[in-house]
Amino acid sequence: MSGLLRFGISLPKDLLEKFDKLIKAKNYSNRSEAFRDLIRQELVKEEWKAGTEVVGAVTLVYDHHKRELVNKLTDIQHDFQGTIISTQHIHLDHNNCLELIAVKGPATNITKLADTLKSVNGVKHGTLSMSSTGKGLK
Amino acid sequence: MSGLLRFGISLPKDLLEKFDKLIKAKNYSNRSEAFRDLIRQELVKEEWKAGTEVVGAVTLVYDHHKRELVNKLTDIQHDFQGTIISTQHIHLDHNNCLELIAVKGPATNITKLADTLKSVNGVKHGTLSMSSTGKGLK
Amino acid sequence: MSGLLRFGISLPKDLLEKFDKLIKAKNYSNRSEAFRDLIRQELVKEEWKAGTEVVGAVTLVYDHHKRELVNKLTDIQHDFQGTIISTQHIHLDHNNCLELIAVKGPATNITKLADTLKSVNGVKHGTLSMSSTGKGLK
Amino acid sequence: MSGLLRFGISLPKDLLEKFDKLIKAKNYSNRSEAFRDLIRQELVKEEWKAGTEVVGAVTLVYDHHKRELVNKLTDIQHDFQGTIISTQHIHLDHNNCLELIAVKGPATNITKLADTLKSVNGVKHGTLSMSSTGKGLK
């Protein structure tokens, strides 16, 4: 853990007023926290570009009545065992499921896994959330 | 459930070759499935713009040693009880947690929830995955 | 024009070091300027969401040998005369042109114009850059 | 130039109806053209990832009263002479200018140029549109 450093920055008055309004609308308790978030957002982008170990979430929406589909998704997840931490399965309605897969590993592996899952016939929609191990984001 | 319709489309030869190469790299088994994905991707964007009922996932990375933070995140999740389906908690290392929150509801509610969670002091990174209930994506 | 306000913010030491490294790589001369940019980036997103008067650039890549295409693009641009400021035309090679269209107006008009131009048969690629009149970004 | 190839694809009826509605709203004259656009969009993303020769547009909004700023922007543009094709300058109001810079070259050069221009003190907003030389998009 590292200590907090305090330093000054200068902003045009109008810009600061607009920023204060925006962070109030987004529920930030103070400017420092809002700034920290803006910075971390940029750093996470860099982590994914650099291809270092990252964390993410893959979401899949599919119709679970297609039995073959479920088997295929399970097979793929086993192939990427080292990358997948855990999976959460939600019954959205009689037909549709949402699967949330927590992943951790090199950025390229995770992208490959997400692409492979999304390409399976019957998967209606897939997304990849790009987040961080948190280690570089004190 | 609706039946499959088959129809023809015309593409320049070069473009089709490049597309075939791309979908092979992304593991699609055939062109139809790749086209369906491109279409669904556009439809999901429209669902979020239109503000109808959507499905998503919020990811949060934070240091669980900050007890107050955990309480605050729990309080917020209770305020949005109608929107949150379930939550998955992962211990990334001694300090860092990953939380995956499955959400369903009007697009504006979900955006509001994600903004509120991300703004909590101590949350290192947050993302919002925009997906679909699957109902409109046969 | 408004004066500069100076105020303090606190950041964890490690986060600040990573940020300093990042802004050096991106050529910022000091932290204040980097912070101003992060803020303005967020404000411009809000301007486009709010649908106020914005500024942007539409890019189009197309094969100018298709005469009908050029006429159609010109017709559309005339229909949106109030929104288009000026157009820059570049000969990329024997076949391909790049057109850069500077636009100003309500966000929805500009999106509509970009969608309409991109949909013309023969346009190979189109983009819309979302920027600002600068008035709200002191 | 290459000839057109015609082939069949299958889509669920509901999905096709939704797609037809969407492309009508976006002014496409037929499905083939809409599909071509979806494909080209994916191919351009790949071109930028692969770092091959690409085309783009940098937009800058700034206050031209800051003389030093204008000199600095000009100096940078000269340093990237090989990458910049031409520049269009628009007077938005008494204070604000919009500059549209047409660029062509390796993806990394263009990103570097855009980062450098955006980081100059006094530039209020900058964007980078990622497009294509059109050569790979028949």
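For reference, chains read A, B, C and D in written order, and residue numbers begin at 1 within each chain.
We adopt the following convention: a contact is a pair of C-beta atoms (placed from the backbone, for glycine too) under 8 Å apart; a residue touches a chain by one contact, two chains touch by 3 or more.
Keep in mind it's a predicted model, so treat the numbers as computed, not measured.
Student: Would you kindly tell me how far, in whole Å, the mean C-alpha position of chain B lies from that of chain A?
Tutor: 9
Student: Hey, how far is the Cα centre of chain A from the one of chain C, in Å?
Tutor: From the centre of chain A to the centre of chain C is 26 Å.
Student: Enumerate the residues of chain A that touch no fewer than two other chains.
Tutor: In chain A, 40, 137 touch at least two other chains.
Student: Can you tell me, using the touch rule above, whether these chains form a line, ring, star, complete graph or other shape?
Tutor: It is a ring, because the chains touch in a row that closes back on itself.
Student: State which pairs of chains touch, listing all of them.
Tutor: A-B, A-C, B-D, C-D
Student: Spell out the residues on chain A that touch chain C in their complex, using ranges where they run on.
Tutor: Touch residues, chain A against chain C: 2-16, 18-19, 22, 31-32, 35-36, 38-40, 42-43, 46, 136-138.
Student: Spell out the residues on chain B that touch chain A in their complex, using ranges where they run on.
Tutor: Interface residues on chain B, with respect to chain A: 23, 26-30, 33-34, 37, 40-41, 44, 55-57, 59, 61-63, 85-86, 88, 90, 92-93, 95-96, 98, 100, 102, 104, 115-116, 118-119, 121, 123-135, 137.
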